[in-house]
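Written out below as structure tokens is the structure these notes cover.
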Amino acid sequence: MAISTRGDVKDLSLSARGKDRIEWAAEDMPVLRLIRERFIKDQPLKGVRMSGCLHITTETANLAITLKAGGADLVLCASNPLSTQDDVAAALVSEYGIPTYAIKGEDDETYYRHINAALDHKPNMTMDDGCDLVSILHTSRSELVENVVAGLEETTTGVIRLKSMEKAEVLRFPVLAVNDSDTKHMFDNRYGTGQSTLDAIIRSTNRLLAGRTLVVFGYGWCGRGVASRGHGLGANVVVCEVDPTRALEAVMDGYRVMPGVEAAAIGDILVTVTGDINVIDQDHLEHMKNGVLIANSGHFNDEINIPALEKLATNKRRVRDFVDEYTYSDGRRVYLLAEGRLVNLSAAEGHPASVMDMSFANQALGAEYMLKLAKDLEPRVYTIPADIDKEIARLKLQSMGIRIDTLTSEQEKYLNSWESGT
Amino acid sequence: MAISTRGDVKDLSLSARGKDRIEWAAEDMPVLRLIRERFIKDQPLKGVRMSGCLHITTETANLAITLKAGGADLVLCASNPLSTQDDVAAALVSEYGIPTYAIKGEDDETYYRHINAALDHKPNMTMDDGCDLVSILHTSRSELVENVVAGLEETTTGVIRLKSMEKAEVLRFPVLAVNDSDTKHMFDNRYGTGQSTLDAIIRSTNRLLAGRTLVVFGYGWCGRGVASRGHGLGANVVVCEVDPTRALEAVMDGYRVMPGVEAAAIGDILVTVTGDINVIDQDHLEHMKNGVLIANSGHFNDEINIPALEKLATNKRRVRDFVDEYTYSDGRRVYLLAEGRLVNLSAAEGHPASVMDMSFANQALGAEYMLKLAKDLEPRVYTIPADIDKEIARLKLQSMGIRIDTLTSEQEKYLNSWESGT
Amino acid sequence: MAISTRGDVKDLSLSARGKDRIEWAAEDMPVLRLIRERFIKDQPLKGVRMSGCLHITTETANLAITLKAGGADLVLCASNPLSTQDDVAAALVSEYGIPTYAIKGEDDETYYRHINAALDHKPNMTMDDGCDLVSILHTSRSELVENVVAGLEETTTGVIRLKSMEKAEVLRFPVLAVNDSDTKHMFDNRYGTGQSTLDAIIRSTNRLLAGRTLVVFGYGWCGRGVASRGHGLGANVVVCEVDPTRALEAVMDGYRVMPGVEAAAIGDILVTVTGDINVIDQDHLEHMKNGVLIANSGHFNDEINIPALEKLATNKRRVRDFVDEYTYSDGRRVYLLAEGRLVNLSAAEGHPASVMDMSFANQALGAEYMLKLAKDLEPRVYTIPADIDKEIARLKLQSMGIRIDTLTSEQEKYLNSWESGT
Amino acid sequence: MAISTRGDVKDLSLSARGKDRIEWAAEDMPVLRLIRERFIKDQPLKGVRMSGCLHITTETANLAITLKAGGADLVLCASNPLSTQDDVAAALVSEYGIPTYAIKGEDDETYYRHINAALDHKPNMTMDDGCDLVSILHTSRSELVENVVAGLEETTTGVIRLKSMEKAEVLRFPVLAVNDSDTKHMFDNRYGTGQSTLDAIIRSTNRLLAGRTLVVFGYGWCGRGVASRGHGLGANVVVCEVDPTRALEAVMDGYRVMPGVEAAAIGDILVTVTGDINVIDQDHLEHMKNGVLIANSGHFNDEINIPALEKLATNKRRVRDFVDEYTYSDGRRVYLLAEGRLVNLSAAEGHPASVMDMSFANQALGAEYMLKLAKDLEPRVYTIPADIDKEIARLKLQSMGIRIDTLTSEQEKYLNSWESGT
């Protein structure tokens, strides 16, 4: 294992391959490219020390390159022990000069050491994917908080944690909830998580989806995407939800809805995307069919109660990459994918570049926006202004060669009037 | 044409049939039934004078019966000249004792006379579907405003108008935007408008959808529904939008997106659901294919520029119920459905009872809510509290025999904490 | 009831409206139009006496006009007591001079009297939709068989009956199984029955499909269509089949498959499309949920065991057009649509013109083909030659403005060679 | 490169991993397992010398194990230079004692040497996937034909070649067209090729499908599958066909249909599944958009005119595994996947076990069937009897725990009668 003065990655010799793959992703990130071109001229992040705790993928690399192009002094660390692409980490260090602390499969101790290394950079600005960096900043490394003018958060899970901090009045600097942009959660969470989760399940198992019962726990943006893509691949989809409005939406979308334990007993494939803990719990695990596949595509690996699974099983072995077989005492076998870590980043390559293009356009423009406004902001959770959000959508459409109409002045006036009726 | 002292309907002899159909709808409105049962005991609307300007359908009849059961002194009028179901209007008057002013196909003069008749009731509370009643109350009948403590509005279009009034500071009493409830727009606008719009197109034309190019103008909740159902019937769907985020969503949903004039030139069937004016304008009309069907499912009949169509055509004749053939000088024939009025209510029966159950549960509970709070409210546009909204969803699921999970205390605690991480 | 010397229809005064509707259908039947234009010149059916037992719809009218244009001396009768469109029957008689015996809602006695009237025409050629005419010709009117040189049959059900006759060696003239043309069953049975069945269920009930459990009995071409369109409207589809390959296909298409009695217990809407008897039998009827809708879209009204339903019910009443409510002694209510007759023709308008265009192009070209070959044919069931079948598809594409590629000579040669490999 | 006396594989040390993966596939091949259990007892292939030219995958390994269990003396070789899974080939040799000649990425010379090695086994029976073995048997190795009693062929492409041979009267022994079984082509070709083709495209590129234009050349069973799965992943699908009936079916299924050159100009991803040559030809290649992905999922690598592509390009480089970038002189870049070889087997793992279970059940039972009947058969192409075909479907349903109805005697009788009518 290589230890670089400029980071900690698995193997720097992978960097050529990493560069190729980063450039491949770049081709499908035209909005970020436009932003990068402007950043080179405008230098909006000049001299800003940034620490990013993100999934180290080809798409993230393109964001990092963009931030650096905008003047940022940037350090990266992994936001999940299994999501790092080692060739990308190597390329970031040796091809792009961005210190990176991330090794696929690192243990928990290394994971936190890497986060601390990123914090040692004494950031003025943080960028998080799940709020681990900000959380540590507010606890064991609170001496560094005073340097920070603003943060940015990418995920649903992270935003939930930040709002808890805001509510508990412990948040100490303003944070932009990038996840709340329409051009982020409506696309990345839905189409990105949707495709990549199914991709990961198929890559790791080569199982046919058609004719299988796919149980999706959670019908938020990610769950809608997973259900839609699973259905599109021929699975019979069952949805489990705790929110009645979402549950009803799933029913109206043509899916069956039922309590989790009942669903667990009939599912061939189970996926959690909730942001909550023990969604597949001991009770569910006890009722599973022989041969069931279980995967998590939510942020943390506690959506499935793995300790309970370990207890239920009398035997455990790895049967394929990312597939662990747990055998129960009655002979039933249950297959856990990617150790319960977010499967799309662990067993596949994460969200395709095309959606990350918009998510990271929000990050890049969000960083610029927060820096400009930071001194006027309270330590609360903010969202990106609608005009930036819509501008990203407009650039994306443009890059795809798609033209749309604009309102005529007659139509604008009509929408603002109330007198004319039937 | 019968003139009743208790309303103005087409033919009271239709009332038996109307009653049968109202009861048929009632069977698919279980949430409203539960509310009605409580209202009978609690009398929350006792003595309240209400004027409702609504589509006079079997579902609306059930709302009216519920409001009356809750103690309201209620009068109804049509909210669209073509949407009235004459047998329902008759039954309301003679079977349920609810004065109703509504005749299918009434002319504009009668339409406004009917609204004024409903206002003569001197309402304390208004209920609108498109804001016509409130609009007239604020202009020609402003002497009546002082009696009104609150209003309720059902539609996207009406809410747009009310927000214009609020912004212009002319709104004189608080109005509840029922449309903004999740259990309203996510279901009624999407699944209700979706199915009933296609139903109306098929009823009036008996054309096969499979293999046709269906152009949907507008990708809001209604447009999403129309696109989804058109696709589900085998049409190749094209979406036209002015909002880039919505346009991008349509693209990601697998539809083609293009400027309206281009779409108009390739579409076999065109549907407007925008809430705006002249969405199909002269330019679009000039480029249509021979044999195209045009329909509007937005609230007002000005989404299609019918005067321009009248000018373009050298001949016009009715070829089937609700189908007018316009022949251009070059021989092309264009078919306008339901005179450009909202086609699902004109050429079919409007939204099915099952979704109106939730929309009207919002109206009934919203009326109770607004009455309770009215004296503390400013003359602004309000939304229903989330707990009432979710309770409606919960009752609906229950009525369908669908059970869902609830969060464990461990899960609730987890969602409120921010410390635990990867 | 009018009795015309040239047929027996309900009311000749409906003929103007019927003519408008026939012309409306004609606009969406371009292939049949091209055939008609050629028939006028070629007179391929000159002097042939034809008796057609068909659903008297706007599309059938266009076939009849085409056959007459080709020289045939044609008489029509209804092929189902509920499927006749009275205005079309009137127009056939008084506008197009084609004797027609058909009245919507006729009783069984009248139904058979009408068939016999059509046979009194002493046909040289028969055209059937369900094989009733041919069946009677072979039994009570066998004296007429000697005049017949050939027959044509439109439906799956009719072809099954004819093959039984062939197998039993009782068939006395050659019959063309029009149903077996690809351009017939792949389109008419699938997309036509699919859309029109759902159309009929919605027209007669105005129930929302989204979120309902739709049980489809039979997964042949019709069943696939009904399942697909039901799914496309948001229903959760369950399929019941007796053929394991079809059952497996339904599973792989993402539907649940289970025994009929189990499905009957969970379905909100049940549709039979099997061609068999008592598919919904007493056992199924006993297990239904309260409020269930039952419809048949197969050819005969014995797919649902209506006598068993009549016995189970303590009360029966009509609650809407085409909707009969049966109340069980335990209070459950079951709704039978269109008296169990094929619902798409009874409660809606049958298959849209666009698909009947191809089915009837097969009939018209099939009649010409059989006449030419009749003397060389045995009394067996024949299918239309592939080149006629494909030509119909080609003309249809052309009429839709769709161009496709043709094989290059290199490609043709490649497909006929076997030497070249990997 | 290892040369074994019992075959020629890449690296025998991969065999443990290969065995794990073969067992993983076995778990999803329950029908083949049942057959294997019977074969062990019955020994239906005892002493039969078999040579199989098949894709060397985990599923094929399970077929080979079954044939060997049934008594066959079996040798295998690759049916495509890129489709071999090296760990499986290793395991076949060292774990299962089945001589195997296959190395992923082997050159053409090796490929044919391997086929010849398999023929050196002097087979009594052949098993082909694309007809290469049979083709060579009839040409350069015709001295071996006299040993052969029968052959079996797996693919559409192979069956086309065999029918050419039959038509040209050069076929010298009977061959069973396994592809023509319903339980083969309706499932393997559609759901198998459908999922695995999209899987391969995503694995090799990590591109988002949603919002992309996917052009599918060919709308046979494979093409229907690819179109359906592409659509299910959010792509906007365009179909190119030369057969008018299939083209029309694609239109009715909601896809756009157009000539290939026009489609090539708008597609983001192009897939060929036709069984023909130069389907994407120079003309198509010249009109492509920048960044387009091209893949073939048909049997041979001549569906795309790669020599023309090589000529058009001024530069070529590999940018990711299985992705070759061709740069045109005007700067456009075109990406060819898996060198134009069948992409699902080259860049992913081929058809999932679940469908191969049925295809290979047909192979195993087909081998038994042909052996029994061989002496009575002419040198022609045969299909498997319907009862074997349906039995496979029945076993598959059973293994999935799905029960279906059987006809009652009343229903059987009804289907065989013709007298009862309306």
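In order of appearance the chains are A, B, C and D, and numbering begins at 1 in each one.
The definition used in the following text is that a contact is a pair of C-beta atoms (placed from the backbone, for glycine too) under 8 Å apart; a residue touches a chain by one contact, two chains touch by 3 or more.
For clarity, every value in this text was computed on a predicted model and none was experimentally measured.
Taking the definition of touch as given, a chain qualifies here only if it contacts subunit C and subunit D alike; those chains are A, B.
A count of C-beta contacts for the chain pairs B-D and A-D puts A-D on top.
Rounded to a whole number, the gap between the C-alpha centres of subunit B and subunit D is 53 angstrom. We define each chain's centre as the mean of its Cα atoms; on that basis subunit A and subunit B are separated by 38 Å. Centroids built from CA atoms put subunit D at 37 Å from subunit A. Multi-chain contact residues, meaning those touching two or more other chains, occur in subunit D at positions 191, 210-211, 231, 234, 248, 251-252, 400.
Remark: subunit B residues 79-81, 108, 111, 130-132, 135-136, 139, 160-162, 164-165, 167-168, 170, 182-183, 186-187, 190-191, 240-245, 247-249, 251-252, 257-260, 275-279, 300-302, 389-390, 393-394, 396-397, 400, 402-408, 410-411, 414-422 touch subunit A in the complex.
Residue ranges of subunit C in contact with subunit B, taken from their complex: 20-21, 23-25, 27-28, 58, 191-192, 194-195, 199, 202-203, 205-211, 228-229, 231-234, 291, 319-320, 323, 348-349, 351-355, 400. Against subunit A, in their complex, subunit C makes its touches with residues 210-211, 231, 234-236, 248, 251-256.
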